[in-house]
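Here subunit A shows up in two complexes: once beside subunit B, once beside subunit C.
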Partner chain A sequence: MFLLLILALTALCAAASEYHERLLLRPLPQNALLASFNFRSNSSQQSFDQQNFRYFPRSLGQILQHAHTKELHLRFSLGRWDAEVWGARPWHGAREGGNGVELWAWVEAESDDEANARWSTLTNALSGLFCASLNFIDSTRTIRPVMSFEPEGTHANASLQLLHGTLPHEVVCTENLTPFVKLLPCKGKAGISSLLDGHKLFDASWQAMAIDIRPVCENGECVLEIEQTVDMVLDLDRSKRPRADNPIPRPLPTEDLECDTSKPYHAEDSCYPLDKGTEPGWSLEQVFGRAIKGSCPLSTEWWGDEMMAGGKTVCINVDPERTVDVRSAKPYGEVKEGHMRCYQLPDGTDFDLELHEEVIPPIPLDQPPLHAARAITGYGQERGGVESVFTNPSLTETLEIVYLESLPWYMKPYIHTLKARLSPAAALDPIKETYYRPASDRHRGTHLELLLTIPPASTLTLSYDFEKAILRYTEYPPDPNRGFDVAAAVVRLVSGGRPEYLRTTTLLLPLPTPDFSMPYNVIILTSTVMALGFGSIFNLLVRRLVAADEVPPTPLVLALARVRGRVGAALRGLLRKGKKE
Partner chain B sequence: MLLRLVLLLTAVAAVAAEHTSNWAVLVSTSRFWFNYRHMANVLSLYRTVKRLGIPDSQIILMLPDDMACNARNAFPGTVYNNADRALDLYGDNIEVDYRGYEVTVPNFIRLLTDRVGEDMPRSKRLLTDDRSNILVYMTGHGGNEFLKFQDHEEISAFDLADAFAQMWEKKRYHEILFMIDTCQANTMYSKFYSPNIIATGSSEIDESSYSHHADNDVGVAVIDRYTYYNLDFLESQVREPSSKKTLGDLFDSYDEEKIHSHPGFRYDLFPGGQDAARSRLVMDFFGNVQNVELEAAQAWNETAWREDLEQLERMIEAARRRHNDTAEVLVERPIEKPRVVGERERAAKVGVQGAWGSQIVGGAALVGCLGVWLAASWFEGK
Partner chain C sequence: MPDAPEAKNAGESPNANAAHAYGAAKHPPPDSWENILTRRLVLFSFWAVILFLGLPIWWKTTTIYRAPLPLHQMQDWADGKVCRLTFPLRIAVEAPSLPSQEAQHLLRTTQHALDDLNDFSAHHLRLLLSERPQSGQPGLDQSTENLTVDGLQPKEDIALFIRLFPGESGTTPRADLHPYSPTLDIFYSSNQIPSSSSTVSPLATFIATELQAIFNEEQAALSYLLSSTSWHPSHTKLMSPELAETLSRRKTRSFKYAPTYHLTFSLFTPTAVPSDWEIEAALDEYMSPLLESLSSISNFTVDTQTQFYAGFSPSISGPEYNEEKQAWVLQKSDLGGFINAAEWPLSPSIGAGPTINFILYVPSEHQTPLLVADNGGSSWLIPQWGGVQILNINGADGSSVPGVLTKDDLRPAMQTFSYQLLSLLGLPQSPNSLPLRISTLTRVHSASLIFSASSTLGALARLTETLPSISIPKKVAQSVQQTTKHLQQACTSLREGRFHAALENARIAEAEAEHAFFEPSMVGQVYFPDEHKVAVYLPLLGTVSVPLVMAVVKEYRSYREARKRAS
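== the complex of A and B ==
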């Protein structure tokens, strides 16, 4: 009876909380490999409220409860997704952030002040958990976007406020990955998370770590879902270099070079690398430094993803003809489906995939629906401009996008200079709606949100001018000459259905910086002038001026006079003698 | 019963002089790539205290710049302290508590004295008590009685001495071992005046501290001499937590020929002076203890703290009453806070259509002014 009860209880628990993980590997052109890790677990709202944590990380759960946060999105990103080579973004851009750290959350609050207080609590607590300076997200870096973000979860409560903050200068490194992996049920010891290694992740050409927490309600039953995502694009040549060996590439001996001899300039001392037209070979162990350490025993089978319905844990996106060798001591599952091959990990044994160098057509890549670029224009220390260029590659469809800029207060845009130009020129005004909140010095930054329309096969150029503020001497960071980072602009494609995002690159804004030794120069110069002035005045004040005859003769003068008198007397005596003679 | 009480009392007496927890505050104060070695210094110490048992939650690590993921680093996610590159100091498991611009003099002083905001997470606080031994290790660029933070501000020897004094007043430490590796390091501890501090530094006044060697692939010097020889001792002599090596052994291992400067020591603040300080175990500061103290047997103590609590309660009550009184005074003349209805912290929609309306209003106002002026000049002319 007791055993039955336990069984029933575990069944209940299992129904309430689940954990899934999936790894997608996709070879990209130019020897790149996209590795996309996804971990999802959930907990019923009831057990969450009672602080019964099973797969949901307790450390994060208690922060959410303390800060009254209902939905949270946290991003750590580094690098730039090269859409022209690598195609469409993973997760349609919804699981990445601007360079640095980006955080947005729906906080339950009655008033704006309360929301701000809870937001501050949240950022401080997260800074401690994730070893990042998230506490620097203060009022100057916080905005409340209007159109750019929509909650992913289901919220019954109306008094939710969306707050958004970014730290474009924040470094993402191993100390951020460590707590990230510790949130996972298998903590990097087993399952696909055993591949997560800081040495590889931070060597990637592009990487994004994301944490998304949302309440999901179905048929009146609510669960709190946490999704952790790591996407990275690895350079195969670089990753395959063994770590023990020197990672700095040394030139190959001449006889090992593979040259294109058809080039007219091919000679003994010049070599054009031969394009062999092959897909490179690699294995998990070569690329990640280790094989997958068996399945995570806590994970249940993947569910709920249209791409992977009924699929398995590790998927590789290669041509169906390509040979993929699997190394595993125990049985594993395999499913082939078009360009996708999926594997179920074996329990408690290493699992490795090996691909050989082959002449095979590369997999077709989805093309991105929009290209965006942003740059600072102008020159000088006083003014500047920002120019954003959006290209709609589609020949038929008009794109509607939301463009969100969160600018630091020391970059003051002139909104009257905001211009949107279409090329080829069209009659319509591309700016449909504008939301704007001007900056206030040292209190808040500029929030600019635009709803834009881009006709098919057109390029939209958005530009505005800004003024650079001069900071106070103490407001400069220790490395002011490096420039100041301006957060990436968020672009949301309003296409209906799933959210699609892309972020521009961050900007580096050079501000007028004083010569920091100047105050010391001033202090030294002032001190010198004061010393000189004081010295001469003091000298004048304390010196007693007397006439020359008033001075009583000193002993030396007297002695001298005596000597002179004697010598004079002697001389006179001699002279007198001479005259007499 | 009596026996147990006696046992407990003797146990209490035995542990009274000991510490019950170990903390480490490891601070690098230099930004920029060419100061790689300072980060390697501090990470070497971090690795050592972790190896000897201090958990991450009791280590406060301050790194002002990112070296591991720096674009100039040919070894991403890695920091080495030796050209043989046998040991990756950054590893897979590291928790940095203060990093980047957070490493400032005010933050450091606030950390020591625990004067922090209410939202400060626990991992960024030094939660010590009067039974905590603290290892404070600092490295960076310094001079006579100061140490630079990020080439931007300085902490003076007086600031540091006052911070330690405040820590002593607040019963925030049992004993402190202060180590510093910087130029003219010995001047930094010369102003200390609080008890129970052992201090050591790498070089005398007017003397530089030198780096040990450079790694040509990293491109810069990877460790300082003083820290290198400290580590040499800790790695080779203090291999396990049961080690009985003393601080005297550690200090005697310093070879001025090798360090190229004169390490200094300060024992006079320590009760028992030089002999007592030198006989302290290395593990008392670099390792971790988990001593538990039992206080249940001390019935007399219980009444004492109850009385204390009651007195505190009375004080709080009195303060509250005072506050209420002042609050009532304020109520008599309430200061109305200007509250703009509808002012919410949102971006406002910019209406383009409204522009014409406001232009017409502006134009009408101008015309009105012109009319008034014309009328006035007409009256004046009459």
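== the complex of A and C ==
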């Protein structure tokens, strides 16, 4: 009976603890390649509560338990997704963040203070785990969004609070990738994670690393799911450069450049890139520096996708006519359908895909449902303005979006100047709802959330003015003249069924910067003025005023006169002697 | 002569005899007394403002707050002058089959014999006769709930229960220590009962020697602890170097006492198999009972993890195949670097208290069996960190490593881990009774916590004296007060034999002492270099003070001249 129970328990555990991984490769126009890695593992709520971790990383699990965090989303991003060339964003933008680090989490707490305390615990612990400055997410960088985010998991508890913080200034780099890969069960030693290499990832034109943790309940049984995503757009030409003889990325020598010589301005010193009309050739080993080291034996089938049945983990999105050579010492699985080809990785042996340069039509790309851009306007050190431009490319559909801005406290917007203009002009007011929480100096930043409507084929321009605050002497960072980063605005499209997101670029805000030797100058100048004033008043009070010829000689004058007298006497003596002779 | 022309000019000038010229010049009219008085009053009021208003304000605003600390008392604690540690152990004797008179007599003679044997006065055993309503049976662990020992001693402060039974068979006298309860059964034959006139009896001597043997290691541990601090009681037992060596090894190996320990059990494998283990069931069966019995001194949290593709660190040479042993062997020098700290996720658990790591390493199929070179063992202990066990295992068919480790596969590893846990917590090797060893640990920990808290107090006192520019916030003073209070209580509790209360108080004292010593606002001392002070003060104070001082000098001179003239 006991044995049976144990068997049942094991079966349950096996069912509850799973790991899946997948890689999608999609060649993009202009020699770019999108590589989208996804790793999912889960743990039953019961074994999570008992701290028995299997695929779910222990370090992260303990942080969640310690900070009473029920759902967590962490993003490390770098670069800009060029939607006009590359098309729609991977994962509909739901797995990327603003430039730098972005973190939002649902924390279980009874009161706001408790939530803040737990949030601070969370950011501090995550900062240590991911070697990022997450601990600098303090109350001035934390907001509580109202409409922009919705929990992805199932939560029974009502006393959850959503907190959101960003660090736009953070530079994402290799030290953040290493702990990220360490969280994976196969740790980059096998499976698709063996392709993850800091040199390639951070050399990418755009990259986003994401960690999402959510509880998923089905039929009363709950599992905690962790999803790790890495998306990157690699420049094929740059990635293919061998690292061995070119460790520091340098431009190609002039004679190796492929130039369009038909251009009239082609010359020795100007080169227009040659459009050969072909799709470039590449292989995994060329692009990532190594081939996939076999399958990760721990990964089980991906659910919910027919193409990936039977343990297919690597998919490539190319034209059906294009030849894709597979190099593998052991048998592997392959399935083709339309523009998609998926492969099952062999066990314990290298797997490489090779594509040749071919004249072939590029694959059709989905077009983004919305274009957004944001910029700082104005000049001077006192005021400025922000202008955001949204374009709805659809000819038929009206878009409804939520626009979220989290501004630092030293950038103080004037909400009465908030204007939304539609072009072509329309009668309706595009701002449906406004949620605004003004900043409080050194305590919290501005939180502005707007619900906007954009009619088909029109452009919405949102603008407002702001005032720049003057910081205290010690509040300036070491490089204040570079400017202050303002976090990316988050745009959520509410029209569709699933959440779709988009983030604008971060802004660089120049603030009035003082000369940092100022305090000493001020001390010296004011002291001099005060001493002058004091000295003259004091002298007026204690000096006795007498006529000029009544001034008694000071000892110094007397001594000087004595010396002069003696020298004069001696000289006269000498002169007299000279005359006599 | 370079200044000759100048001198010539001077010589030709009309005021050549300058001194005489000035001497002949007009004098100002004599100053009126009123004027002089006003001037002096002005001067006086300026200086009064500076001395009685400016200076105190400056002093008040730039002085560093230093809460008063009882420095002498703190130093006395560090020197061991306040508290003399004694460990009176109460031993309840229960002799249901003996008449009270004889039992009392036996007790007295045994106590005499014990006192003769004991040469470590701080640690002494006191026998008490317990009255028990019904008699127990030998070998049966009876509940001792309804036991009353004279006075209102709580049961847990009785170190050991001795039960005397008339022996029916076998050699007598004979002692039997229960491994899972603090009970010692003594079997005797009726002729060994000392007669009321005799002062020595074989039974009494036997009991005394048995007791001495049981508490021998504890005495050694305590006297070692006492001798390693500055609290030299004059009668420290001289111990053999070997014993001192063993004790010092145990001390370096074991963790510092903490109210909470986190235990992390990790399964590491260089491949992806085994991918699962029945750790929950194994922990329930093999670990939980032990942790429960240890719960009287500390709390434990348990977490587990599995880690795959765990490679060796490049700093070790790695296992080599040994033909002779038909096994892969790890050199002893490699054991220190076996844990690949850079890659294996063994970060300490979050929350207060140290983490004890237990690592179960399942070598890959082609490196099985993996052994330690010298002794062919497969487990070792890493001092103050945890334990490692290599599990060489083959599947049911004898060929490959199983995908899932069953509870039975884990049994030997769990036994090693329990043994390692006891070692890491600093539990003594003997006697062969777990509750007794745990209660020994209670006393050793109380003593070491008292030492550590007192020495922290002493260090704080020295720090306060040597760094006059360090600020001492009120919180530190409060913590120091709490520490001394709890130290005093711990000391009293020890003297009265209430060891659990002593441990509790010593723990609070230690925590408060650490709080006081590591107060963050004290550590971050504001550093103003002297150049900085000069740069800030001089531009104002220098220029202001020159006319002030000069005026005083001038006034004093004219006063002196006036007096000279008057006289």
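Just so it is clear, the second predicted complex is superposed on the first by the 472 of 581 C-alpha atoms of A that agree within 3 Å, B and C clash if a C-alpha of one lies under 4 Å from a C-alpha of the other, contacts with A are read in each partner's own complex, and residues count from 1 in each chain.
Definition applied: a contact is a pair of C-beta atoms (placed from the backbone, for glycine too) under 8 Å apart; a residue touches a chain by one contact, two chains touch by 3 or more.
As the structure is a computational prediction, the values presented were derived from the model and not from experiment.
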So, does A:477 touch the first partner subunit B, the second partner subunit C, both, or neither?
-> first
Classify the contacts of A:125 with the two partner chains as first (subunit B alone), second (subunit C alone), both, or neither.
-> both
Could you look at A:547 and tell me whether it touches subunit B, subunit C, both or neither (first, second, both, neither)?
-> second
For A:199, select first, second, both or neither according to whether it touches subunit B, subunit C, the two together, or no partner.
-> first
Contacts of A:534 with subunit B and subunit C, given as first, second, both or neither = second
Touched partner set for A:296, first subunit B, second subunit C, both or neither | second
Please name the chain, subunit B or subunit C, that touches the greater number of residues in subunit A.
-> C
Is A:558 touching the first partner subunit B, the second partner subunit C, both, or neither of them?
-> second
Footprint intersection on subunit A (subunit B / subunit C) at 125, 129
Touching subunit B in the complex: which residues of subunit A?
-> 78, 112, 116, 120-121, 124-125, 127-129, 131-133, 135-136, 143-144, 146, 169-175, 178-179, 188, 197-203, 246-248, 415, 433-437, 447-449, 477-479
Spell out the part of subunit B that touches subunit A in their complex, as residue ranges.
-> 31-32, 64, 66, 68-69, 74-78, 88, 90-97, 99-102, 117, 119-124, 150-152, 217, 344-350, 352
Write out the stretch or stretches of subunit C touching subunit A in their complex.
-> 3-4, 7-8, 10-11, 15-19, 21-22, 25-28, 31, 35, 39, 42-43, 46, 264, 271-273, 275-276, 278-281, 301-306, 308-309, 311, 343, 345, 347, 349-351, 404, 407, 535-536, 539-540, 543-544, 547-548, 551, 555
Hey, which residues of subunit A end up touching subunit C in the complex?
-> 6, 9-10, 13-14, 17, 47, 50-55, 57-59, 62-63, 66, 125, 129, 182-183, 185-187, 189-190, 296-298, 520, 523-524, 526-528, 530-532, 534-535, 538-539, 541-542, 544, 546-547, 549-553, 557-558, 560-562, 564-565, 567-568, 571-572, 575
